[in-house]
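So, here's a batch of structures to check.
Each of the two complexes below includes chain A, the first together with chain B, the second together with chain C.
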Partner chain A sequence: MLLRNKTVLWRELDGEAILLDPKQGCSYNLNQVGTLIWKMLDGKHTTADIVEAICEVYEVEPELALQDIELLLDDLRSNNLLSNGVSPAHPGE
Partner chain B sequence: MLNETVFETAFYDLPGQLLSKVYFFHDVRVTCYTNHPWVLATLDEMLGLFPEPAQLQGEITYSIVCYERDSLFPLQLPRSRVRTDTMRLLTNTILIYYRDPNDTIEYQKYMALPPVNGTSLTVISRSQNILLTQLEMPEKYQASFLRRYVFLLALGQAMGRFGFEPCHAAAITTPWDSQQGALLIGVSGSGKTTLALGCVSMGWGLLGDDLVMLRQHAAGALISACTITHEVSVRPDSLELWHTLAFLRDYPADPRDKRYCSVEQVRPGAARMHTPIRLLLFPSLSTETTSRATRLSKAHTLQMLVDQCLSKLQARPQSQEKLFLMLSRLAEQAPGYQLAIARSAHDGPQIISSLLAGDTYG
Partner chain C sequence: MPSPQPDTAPASVIASLYIQAIRQGQSTWFRVASGSMEPTLHAGDRVYIQPVKASEFRAGEIAAFETADGLVIHRIIHRKQTNAAIRLMEMGDADLRASWIEEQAVVGQVVAVRHRSRQIDLLHRIARRYGAVTAYLRFWLYCTSKKFRTLRFFARKCSHFVVRLCCWRIRTSSASFDYEPVEK
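And now, the complex of A and B:
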C-alpha cells in the first residue's frame, strides 16, 4: 500500500493540489491526474487501484496510466513526499 | 526558562533613566520601556498613528534597552540553540534567527558589520507577551534600519500570538472604497512598491509598501491586510515615475539609495489601517510598453503565495500549518493575477481598478 508523507501540508483547489514540504520549504503543484493519484495515497490503495481509477476517469490505456503513475511516484519518492517504511506497491498486489 | 524575572535583569544597572509609554498596535496594547529618549521619539513615529481600539485583544510589553557595547547585554544567546534562518538585509547587515531547544524563546540577532550598524539582540518569549531588544547605542544605526528591521520585525513576530502573520507584500485600497483591498506580493525589486506608490499618487489608500500583516479576525471572516508601518521606502526610479514623490529628491538616501518618508507625506489622507483582501497581484517588471495581467488558477495562486510568504522563519510545524491554511483561504477568497508592469508603469493603477471591478484579463 502507498501512503503519502503525513508531514506534508496539502490543499486541493479546483482539482489541483498544492503540496508543501515544511522541512524543505518546497512547494509542488500537481495537475488533476496527479491530484487524483495523490489523494489515493492513503495507505488503503494499491498501484492497481490507482490505475483502475485513472482509466475510469480518463480515456487511457492501463499500461500508459501505470507508466504515468510510476513516474509520479518516483518523483514523490525522490522529494520525500511518500511515507518511509511503506513498500512500493505493484499491480496485482 | 525565560520569565519576567529574567527579563528584569536587563534593567539592573541600567545606563540612563527608564522611560515608558503606552501605544496601541491595532487591538493590542504595547507598553514600551527604554532608557534612551531617541527610542521613544522613534516609537511615536511608528506607533503614534494607531488609535486606541474599541475592544482590546491583548497586551505586549516591549523593552528596548541601549548599552555602550554588546558585551554588556544582560541577555546573551544561550550556548544551546537552534539556528532557524539567516537574512541579508542592508549592505553588510545580517539578521540571524535562533530559538532555544525547547522552542520557548526566539532570538533575532543582528551581526555587527561596521560601518553600517551596531549589534542588537531581540529576545521574544513565546509563553508570555514579553519582548526585549538590546542595542548598542542607537547613534550607531540608521533610523530607518532600526524602525524597519529591528523594532517592526520584533513586534510583527510577537503579534503572531494575536493572529497576525507578517507578509512581505504591499497593500492598497481603491479610491472609492477602503474595503476593496489588493495585495501586491513579490520579492524585492519586483515593482510592488513602485506600483503601490503610483496608486497612492492617483488617490488610492496605502497600508504598506513592503511589509504588512495578514489576519483572519474571526472564523468565516475575510482575511484582511493590516498595516505594520506607514513609512514608505522609495527607490530612485520611482522618483522619476511619480511626480508626487519629487519632494524626496532632497531627502538623504540609505546605502541602497532608498529614501524614506511617511505615506501622509506622499498624499495626505492616504494611510489605511486594515482592509479585506479582494485581489492578489504578483508583479514583475517588464520591458513592454503596456502592462499586462494574466489570471492564475487558484492552485497556482496558492503556490505563489506559499513560495513568497512561507519561509523557514515559520520553522515550527504548527506555525507553518497555520499560515498554510490562511494562505489556502486567501487563494479561495481573492483571484490571483501575474502583473507584468510596463516600463512607464502608468497604466498599472487602471489595470488594478479594472481587476477589482471584475473585468477579465488573460
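And now, the complex of A and C:
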C-alpha cells in the first residue's frame, strides 16, 4: 500500500494539489492527474487501484498510466513526499 | 507527466500551509519574499522558523506572524504586558514604521538565516545582544519621531545606521557555513 508522508501538508486549488514539505521548506504543485494519484496515496489503495481510477477518468492505456504513476511515485519518493519504507504495490500482487 | 513542480503555486496558499505547519509544532525553512527586513534579511534568503508563543518573545527577536497578507517576518522592538494579554510591537528593519501585533497572530520565531552560502545563528549570544540593542534604539527613535515631527528625517537616518551597524556585527560574529538547523 502507498502512503503520503504525514508531515507533508497539502491543499487542493482548482483541482491541483499544492504540497508543502515543512522539513525541507519546499513546496510543489501537482497537475490534475498527479492530484488524483496523490489523493489515492492514503494507505488503502494499490498501484492497480490507481491505474484503474485513472483509466476511468482519462482516455489512456493501462500500461501507459502505470508507467506515469511509477514515474510520479519515484519523483515523490526522491522528494521525501512518500512515507518511508513503503514500496509500490504492482498490479497483480 | 504528472511530476511535482516546485514553487509555482499562489504565495497566499503556500504561506497558509507554512502557518499551518508551524502552528502544528513543526519547525520549517521559509523563503523571504520582500525587502522589508533589509539589510538583515534579503528577498530570497531562507529563514528557519521555530514555533514560539508570544509570551516567550523578547525585544530584538525576529517574529513570524500572521496578517491578512499572509506570513510576515519582522523584528519585535517592544513588548507590553496588559493584565493577561501580551502585545508585541513589530518593525521591519528597512523602515521606521511600527505596529502592534496581537498574541494570537504570532506563529513562530526566526532562529537562523541562510544567505547564499552563509548561515547566521540568531540565537548566538552576540546576535541576541545586538538584536536587543537594535530594538531598544529603534523603539526610542520611533517614539522620538512620533513626538517631534521635525526630527523624523534625522530619526530615520539614525535608524538605518543602527540597523546596518548591528547587522554587520551579527554577521561577523554569528555566521557559519554549517547548514544544520539551530535548535533552541
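Convention: the second predicted complex is superposed on the first by the 93 of 93 C-alpha atoms of A that agree within 3 Å, B and C clash if a C-alpha of one lies under 4 Å from a C-alpha of the other, contacts with A are read in each partner's own complex, and residues count from 1 in each chain.
Convention: a contact is a pair of C-beta atoms (placed from the backbone, for glycine too) under 8 Å apart; a residue touches a chain by one contact, two chains touch by 3 or more.
What you are looking at is a predicted structure, and each value in this text was computed from that prediction instead of being measured.
K.L.:
Do chain B and chain C fit side by side on chain A after the overlay, or clash?
P.N.:
clash
K.L.:
Identify which of chain B and chain C touches the larger number of residues of chain A.
P.N.:
C
K.L.:
Please work out whether A:L81 is in contact with chain B alone, chain C alone, both, or neither, and reply first, second, both or neither.
P.N.:
After superposition on chain A, A:L81 lies in contact with chain C alone.
K.L.:
Go through the superposed model and pick first if A:T7 touches only chain B, second if only chain C, both, or neither.
P.N.:
both
K.L.:
Quick one: classify A:D68 as touching chain B (first), chain C (second), both or neither.
P.N.:
Once the two structures are laid over each other on A, A:D68 reaches chain C alone.
K.L.:
Quick one: is A:S27 in contact with chain B, with chain C, with both, or with neither? Answer first, second, both or neither.
P.N.:
Both: A:S27 reaches chain B and chain C.
K.L.:
Out of 7-15, 151-159, 277-285 or 349-357, where does chain B run into chain C after the fit?
P.N.:
With the two structures superposed, the offending stretch of chain B is 151-159.
K.L.:
Can you pull the chain A residues that chain B and chain C both touch?
P.N.:
In chain A, residues 7, 9, 11, 13, 18, 20, 22, 25, 27, 29 are touched by chain B and also by chain C.
K.L.:
Which residues of chain B touch chain A in the complex?
P.N.:
Interface residues on the chain B side: 297-303, 306-307, 310-312, 317, 320-321, 324, 328, 331-332.
K.L.:
Could you pull out which chain A residues touch chain B in their complex?
P.N.:
Residues in contact with chain B: 7, 9, 11-14, 16-18, 20, 22, 25, 27, 29.
K.L.:
Flag every residue of chain A that touches chain C in the complex, lowest number first.
P.N.:
7, 9-11, 13, 18-20, 22-35, 37, 68, 71-72, 75-76, 79, 81
K.L.:
Of all residues in chain C, which touch chain A in the complex?
P.N.:
Per the stated touch rule, the residues are 1-10, 13-14, 16-18, 20-22, 26-31, 46.
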